Every structure is written in C-alpha cells, then in structure tokens.
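Read the structure below first, then the notes.
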Amino acid sequence: MHKLPVKVGGLELSSPGMLASGILDENGYTMKRILDEGAGAVVTKSIGMEERNGYMPPVVFEGKNWLLNAMGLPNPGIDHFEDEIVIAKQSGKPVIGSIFGSSVDDFLVLGQKMESFGVSAVELNLSCPHVRGYGSEVGSDPVLVKNIVKELKGTLSIPVWSKLSPNVTSILDIARSASDSDALVLINTLRGMAINIYNRMPVLTNVYGGVSGSSIKPVGLRLVYEVRKEMDIDIIGVGGIDNHEDALEYIMAGANAFQIGTALMHHGRKIFNEINVGIGEFMAHNGVSDLSKLVGRAVQ
Amino acid sequence: MHKLPVKVGGLELSSPGMLASGILDENGYTMKRILDEGAGAVVTKSIGMEERNGYMPPVVFEGKNWLLNAMGLPNPGIDHFEDEIVIAKQSGKPVIGSIFGSSVDDFLVLGQKMESFGVSAVELNLSCPHVRGYGSEVGSDPVLVKNIVKELKGTLSIPVWSKLSPNVTSILDIARSASDSDALVLINTLRGMAINIYNRMPVLTNVYGGVSGSSIKPVGLRLVYEVRKEMDIDIIGVGGIDNHEDALEYIMAGANAFQIGTALMHHGRKIFNEINVGIGEFMAHNGVSDLSKLVGRAVQ
Amino acid sequence: MMDRIIIEEAHRETPTVVSLYFTWNLDVKPGQFVMVWIPGLGEVPMSLSMTGHKKCITVKAYGESTRKLCELKKGDFLYLRGPYGKPFSNVKGKKLLMGGGSGMASLRSMIDDQSTGLVAAKTAEEILFEKEFKEKQFITATEDGSKGIKGIITDAMQKIDLSSFDMIYVCGPERMLKAVFDRLKDMNVRAEFSLERSMKCGIGLCDSCSINGFQVCLDGPTFSLDELKYMDEFGRTKLLASGRRVMI
Amino acid sequence: MMDRIIIEEAHRETPTVVSLYFTWNLDVKPGQFVMVWIPGLGEVPMSLSMTGHKKCITVKAYGESTRKLCELKKGDFLYLRGPYGKPFSNVKGKKLLMGGGSGMASLRSMIDDQSTGLVAAKTAEEILFEKEFKEKQFITATEDGSKGIKGIITDAMQKIDLSSFDMIYVCGPERMLKAVFDRLKDMNVRAEFSLERSMKCGIGLCDSCSINGFQVCLDGPTFSLDELKYMDEFGRTKLLASGRRVMI
C-alpha cells in the first residue's frame, strides 16, 4: 500500500483518502477490508439513537454520472454498533464514527458512546438531505449547530468533525457556526429526485434523495473553496472524487484530506490505493515533497 | 415541424420546448433560426441597463456531463438590443426578453423597453450565480423579489416570468415571494467551479461559474416538484434536459413547459423538433391526447 | 437506468411460484441477477432463470412485493435494472445442480444433458423444474416425504457419488448452503454457491449484503467452496435491514 | 476537458509570428482549430497549422494573450481544448491557397505539390510559409511593394487563372474574405472560406461567433462560396464582445 501521511482534523492518517459515511460501512468486516486495501480511515454509516430500517427499496437510482440515494438512515442504533467498530479496528487504522440526532442531547449521548467504542473521531451528520427531523434540517439551523459542536467539544476528548450540507444559500453562515469543530467535512449530497415517466412516479420510495458522484464535483469544489477563502480550519473534501486528479482539485481548493463514496461502485476498493499512487506521482513530477504544500494552492 | 401546442405563463406556444436564456440568443439571426427549426419560443440573453463585455475567456469549461460557465452577463445594453428582437421576430414565434438589474427601477426600465421592442413576455433573471450585485444576489432577497415582480406586473401588459436560483436553502420562500409572476422558471445553474491542477488555478477567469447540463437534472426536477407540490402557478422547467424523456420527467414533476440550453452543444438546433416528436409518440403510445394532462402527474 | 419490459408469458410453476418470460436485449450469464421494482411496494433481487435470447425470472411469493409479481400477466410490465453480480463459472462436463426452494431459479439456465438435479422442497408440489432434467438425472427430497427421499437436501446428498461431478452448483437459503458446504468442504470436489442476503442497492454501495468484507451483489452472489472457507460470517451472522448483526 | 501539452519546438516565422510544435494524440483535419488557454490572460482560438502526428499552432502577436504565446519556449506547456469546427473539404487536384496575415496558419497543412499559394501581407517580412510551397507555385502581394505585387490580395488575384484550380481555399480577416468572395461569387469556381469571429466558447453555446444563425465555431469556421451567398451578415455586420451589433 502506497503511503502518503497527512494530519487532518486532529488525526494522523497514513493516507489522505477516507471512506465517506454511508457507503460500505455498516458491516465491520467491510470496513476492515477497505482499510486493509488502502483507505487512510473509514467513516461509519451514520448511527442514531434508535434502530431504523431505513426506507423501502428502491433506495438508489443510477443516472449518467450521478447516483441518487435515499437510504433513510438505516442503522442498528448506537447500542448495537460496538461490534462493528471492534471488527473494523482490527485493521489498526482510524475508524471515525458518524452520528445523527435531532438535539444536542442526542448528539452528546451518541458521541460519548462512540468514544467509548474506541473510534478515533466523531463526524456529525448535519447534512443528510432526505430524512425529516435530522441531517440538514438540523444542519441549517446555525444556533443548533453551534450548540451541538460546543457541547461535544467540551465533553469528548476525541476530535469532532462537522459534515455540512450543500443545500444552503450561504455555506459560510453554517461553517462559521461549526467553527469549533476540528474539521469541516464538505459536502454531503445535493437534494434531488428522478421520475419514471412510464409509471409516472418518483423512482425512490422516499421521492427525494441525495445526488452524489462526479456530477456534484463542481459544487463540492466550490463550497470547499468558499470556506477555505474565508476560514482557517481543516477541511475534508468529498463529492464526486473519482481519481487522483479530482482529489488534487479538492486539495488545491483547500481540502486537507478527502473522502470517497460513490466512486467505489465503479472502481472498487482499489481506488484508494490507486489515488495514493497517482497523487504520489503527481508530487514527484512536480517537485512537491509535502502534500500540505498543495492545500488551498488554487485559492485566489 | 412537429406541433404540440401548450399554454404557459400567459402565452400560447406551438410547442413546449423553448431556448433557455444565455445560449445562442445574442444575435437575432441565431434566435430566428432556432425558432424556424422547432423551438416554441426563445428567451433572449439576459439584458441589462449598460453594455457589458462579460468576463475574459475562459468563460466555459466542459466536464463529464456538465458544463461550467461564467460568461459574466455580456450584453449590448438594452438600448442596443432592439434590432436583434426585430430580426428574431421575423420567425413569427414568441421572443421572451430576459432582463437583469440590481433594483426595482432597473427592472422596470428594462421591462418597459423590452415591451416596446415587441417581446411576448419578460423573464426576470433573479438567479445568475456568478455576477456580483445581480442575479441570485437579487433573487435571494424575498422582499426585493416581491417588489420587482409587483412593480412589473402593475406596469407591463405582457406576462412576467421569474427565473429562480437553485442555490438556496428554501426554494419555496423565494417562489412564494415571486408568486405574482405569470410563471416561475426553474432552474438557473448551480454555483460551482473547476481547478486546473497543473497550473494550480481555477479554470474560469471568474473562478466561480454556473453548472448546467444533465448533471443538474435531478436537482432541477426536485425544485420543480417541491414548488408544484405547494403552489398553483405555471412552471417552466429547465436544467439538464437532453431528450424527450428528460422533458417528460420535468412535465410530470410539475412543469407546464420547458427550456433547453446546454444540450444544444451536443444535439444542435434539431433537438427541439426531436423532443416534440418524442413527446408526441409517447403521448400516442400512452393514450394521452393533451400534454397538460401529464403536468404534475408524478406528484404524490 | 431502469428498463421497462413487457411480459410475454406468465407461467405458474407451483402454487406459490410463477415464471415470467420476456425478451431483454442484454448479455446475461447463469448466476446473475436483476433488481425488480414493484412500483409502490419495493424492489427485490431476482435471479434470471433463463439467460438466452428469451429471459425469465421465477418468483416465489413471500411478502407483498413478490406476491404482486406473481400476479403479473402477459402484457404487464417489469421494471428491471441489471444484470448484476458474478456469474457461475462455465464448466464443461458432469454438473450437479443442487437447489432448495426458489434457489432452483438461478440454476435452471444451466440444465442440460450433462446435468443432474438434486432438488429439495417441503412438499412434492413445490418442486421446481423437474421436467427440464433428463429422467434418470433427477433426485428429490421432500420434508414431508410426499416425493423422493423423505428429509432435507443433505439426506439426499448421501445417495449420490458427489465426487463423480466436475462441478457442483448450489443455491438456496444460507442455512441450507451452510449444511451443504459443511459436507463438501473436506471432500475433493469443486463447488460454487449462490448466496442470498438482504440487498438494498445491488451495486456495491450500501453494505446490506456483505459477508466478511465481500459484497454479495458485486463479488458474488456466486462464491467458490474455497472462497467460503475463509468467510466466518457464512452461515453464522448477517445484518438485518437496519444493519443490526444477528445470528443466522 | 483541457489538455496540457509540452511544446517541443518554438520557431519564429516573422518578427511577430511564432510556430509552436507539439505532439497531441488526436485526429485533427485542416481548417479545424483549438482554444488555447493562456492562464491569467485569456483564451484564444487558433487554427492548427500542422495536423499530422506532429501538430503546430502559428500565432501572430496582437494583444496580451497572443504576445504571451509568442514568448513560449520549448519545454513550456500549452493548455488546449478541441479540436473544434468543420474542416476544409478534402479535394484532390489543383488547389489555390489564399491567405492574409495569420490566416495562412489554417491553410499551411494543405500545402503540397498540387497547391499554389497566394499570400498577402503588409510587408515582405510578414510573409508566411513561402518556403513550403514549390518555387513556381507561390505568388505574393505586399501593401508596401517590398515583395511581389504591390497591392492587396485582390490585385494579385488578377494575375492568375482562378478557374484552373479545382478548389480555392481562403483564410484571413473578414474584410479580405469579403473582397475575395465578391470577386469569386459570379465565377464558375469552387471555393471555401475560413471565417474569424469573436469566439468565447468555441462549442456552439455563447453566440458570440454567429453569422446569420450559423455558429462559426461549429457550423464553420469553413464555409463554402455557396453557403456564404445566403449570409447577408457576411462582411457587413458582426457582434462585439458585448453582443452589440456593429458594421465590419
């Protein structure tokens, strides 16, 4: 496995590419395998207080260069998730616990339990676009965001990352309210939908879902850039990364590290190592010895 | 040319597909030709008070299934635009005048001049994502939007359409403030950017641009659907329409008619007629005699 | 990316199983599956029980979605995406096709002169595809003894010389697969198993189908005997729709 | 979609014109063009002056962007997108290549034994590609009379038998094209003209290059004599960068 050490959001990773939350991270064995095959860290599926089955399939729909999903935050509930983290941690690499809730108290309990399970950091899902009462409904309220982050930072001893929604008029308003976080994770999916014209119905059972994949890269890059231009905080870029060039675009827009989700569908687990190799070659060709030298380089 | 008459936003069109503002609509001859070859109407480039050259190229960048542009609202100024409208109107079909301004007064003057030039309706650009002081900066202020629409509706005798931005937390807030319009046009481009990793610079001279093309279709459909679910107003769908199936998705999500921009790049002017034929065949196969029967059919 | 396909024939195989025939202009291999959308009810994975020019799915009615599928008639539409998954390997020579319940669906397209069927069911009337095998090449076990050997599939396995086959293909519920696997794992035979786990996406993203880090929808559904030897989740634990780990 | 390509050779053709050679693994035909990004300064359309395995652009320094291009050296990089546009038609037989100024760039890749050059320039030192023509197949006109015929291109046209050519290719500023067109339009000759208009997008979207409803970047830049007969904007009006219509 190609190494490319980075420091980000209070952690040291052996490479900058992490598995994004919600993709192949429900089963501990899957996460372990992805870590073994080159991811620098994995973020777990977002875990809540109670067990949820999520929405009835269809929960995904594939378009040209985009994927639409409305899983509906299926999760076993925090009290059933410890085993998976224990299995994943056998890889020896960091596991980041993603959590979602509807109140400061929810997030606090979830964060404390995650910490006790041994995760290296928690990632607050303030941005899932398709579940009422959670995700972006929480994440578009600056005061609530500020209180959640403050409370967790005051209580936990592990780093706290905040994952924000692109479906907002001003990302800076929310980013500033989450500025106590050790890192901002940008972006979650764009809210979207698809219709089957033959039976005249929305394709997803939930009607609305989140758009991911290479179609959203220009939007993700823009949000990372907008935040990097104004704030001195670690940023983890996510959204449409499909190869090392995409990853480098995010880094030059201001991301210190990055996450990958949808691209696993076409490239499989090997994408993490391939991207590490590609970035390594780019650095060698361009005389760059330290990846952090490229962070935000394109910001004007 | 295949006919498919529709009524929308106070106009009667021979077919539901119009040319979107900003694409191939600066030169009257170009607009005339597009009308002659099957578009139901054309919307002109957005015209302002003063002549503007727009940004220095690069002003466009093509990605996988998306296009990024920051033309920068080049336009000859309203006082130089009459000739183009006169030329375009030789086709005998409706020309819609798109206008942008930074105040109620700007919009009023522009609307009155457009009306005097003989346009069939005006479309208010409340949504261009990349020019300071115009477009979405105006269009994300509900009070300003309300005043602009009210003033124009009170003064002009031609229909007034409002084109809204997808880069907002709540489309309904803005849609409601523009509800005096004869139609809402949804959506303008998503704000995005691209970086060239070799010279470590944003590709567009303006850094930020608008994302268009098939990548934005799921977002456009969602916004049309969200508004149709709550409001009884004519909607014109735009964003990523590439064929008749995409157009029918917009119609079933709630659009009464639609506009096409980026797809002209790959399909040329013939796309309008091809889509009309495709919709006609779909209607015949499915026993639908009137396109309006399909409007909003997928809304649950 | 979802195809809408007209049903050309609907054939009732047993009181609870229906085969739906259609033409679909795609290359499909035995062992692969599709995701079938039943609008308003759900989306379910289904093996292709015929993989030539004419294609077929064979559906057993369990819940609401599959019950609805079983009611479809000629002229109705199927909404499909796929095909997905790794097919069975294509082996020349003597084949043993072992199936339980609707598991026979994914084996059906491999039935030929060289293949022997070993089919288990609860009762005689639930046995699938008997007529498609050569007369002497079909063994069956029913739990109620209404046909063939009284017992389960592993009872029937004792009656035949497993080592005489060039390849053994197995498909059915995971508990059955595990029982067969335990019999075969120390024998000198080649075998492939088609697994069924909860499948929400079918395209390797949601992790609902995973087993020991492999995605059944992508790395499977077919796995070889040797691959399964390294999977300690096999036949032991799985995740529910919520992701909660339970014993099988 | 933008390619970054290393310059293999930079050759000064005249005091204000430089040819930049590079390898680009794409199929390009004579008459097509690329958009060249000069980071920080702008993006400009440039014809390919060589279209085989080795490719070339030949740049005349007008403004800041082209001046910068003319300063590039071997080992520097070009940022290109394309190729775009409709090529010249590929005609066998005797060809006349008529060019003014940097217009010769798009004609250069068609120079062969069968072609005659008719090149106009202000002064002798600005004449391009003379050496690439066969000796007797080159006619030139300079405004100051420093070489060839004293006068403009249409003066030189009178010295040759235009009807002896199977095809006449013309490239240069629109005013020159129009003058040539007016000479040819009633003659029994075949001719194609490559037009230059303001080009912001190069891909048929922005309308800045349009003429009578045709996009020069997409439907052109090459147009036949017959096509131009129907274009009353040709040589008469055009749009500025703002879209304001002006007389040419």
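Couple of notes before you dig in:
Letters A, B, C and D mark the chains as written, and numbering starts fresh at 1 in each.
In this text, contacts are C-beta pairs under 8 Å (C-beta built on N, C-alpha and C of every residue); 3 or more make two chains touch, one makes a residue touch a chain.
Because the structure is predicted, anything quoted here is derived from the model rather than measured.
Using mean Cα coordinates as chain centres, the one most removed from chain B is C.
Between chain B and chain C, the centres computed from C-alpha atoms are 51 Å apart.
If you average the Cα atoms of chain C and of chain D, the two centres end up 65 Å apart.
Spacing of chain B relative to chain D, judged by their CA centroids, is 36 angstrom. If you average the CA atoms of chain A and of chain B, the two centres end up 34 Å from each other. The set of chain A residues touching two or more other chains comprises 63, 201. The residues of chain D never reach two or more other chains; the list is empty. Contacts between chains trace an open chain of neighbours here, each touching only the next in line.
Checking each pair of chains for touch leaves A-B, A-C, B-D.
For chain B in complex with chain A, the residues that touch the partner chain are 63-66, 68, 140, 167-169, 190-195, 197, 200-202, 207-209, 211, 214-219, 221-222, 225, 245, 248-249, 252-253, 282, 294, 297-298, 300. If you check the complex, the residues on chain A that touch chain C are 23-27, 29-30, 32-34, 45, 51-54, 56-63, 67, 69, 71, 74-77, 80-81, 83-84, 196, 198-199, 201, 203, 205, 261-262, 264-265, 268. Residues of chain C that touch chain A in their complex: 1-2, 4, 35, 37, 39-44, 77, 79, 81, 200-208, 210-215, 218, 233, 239-245.
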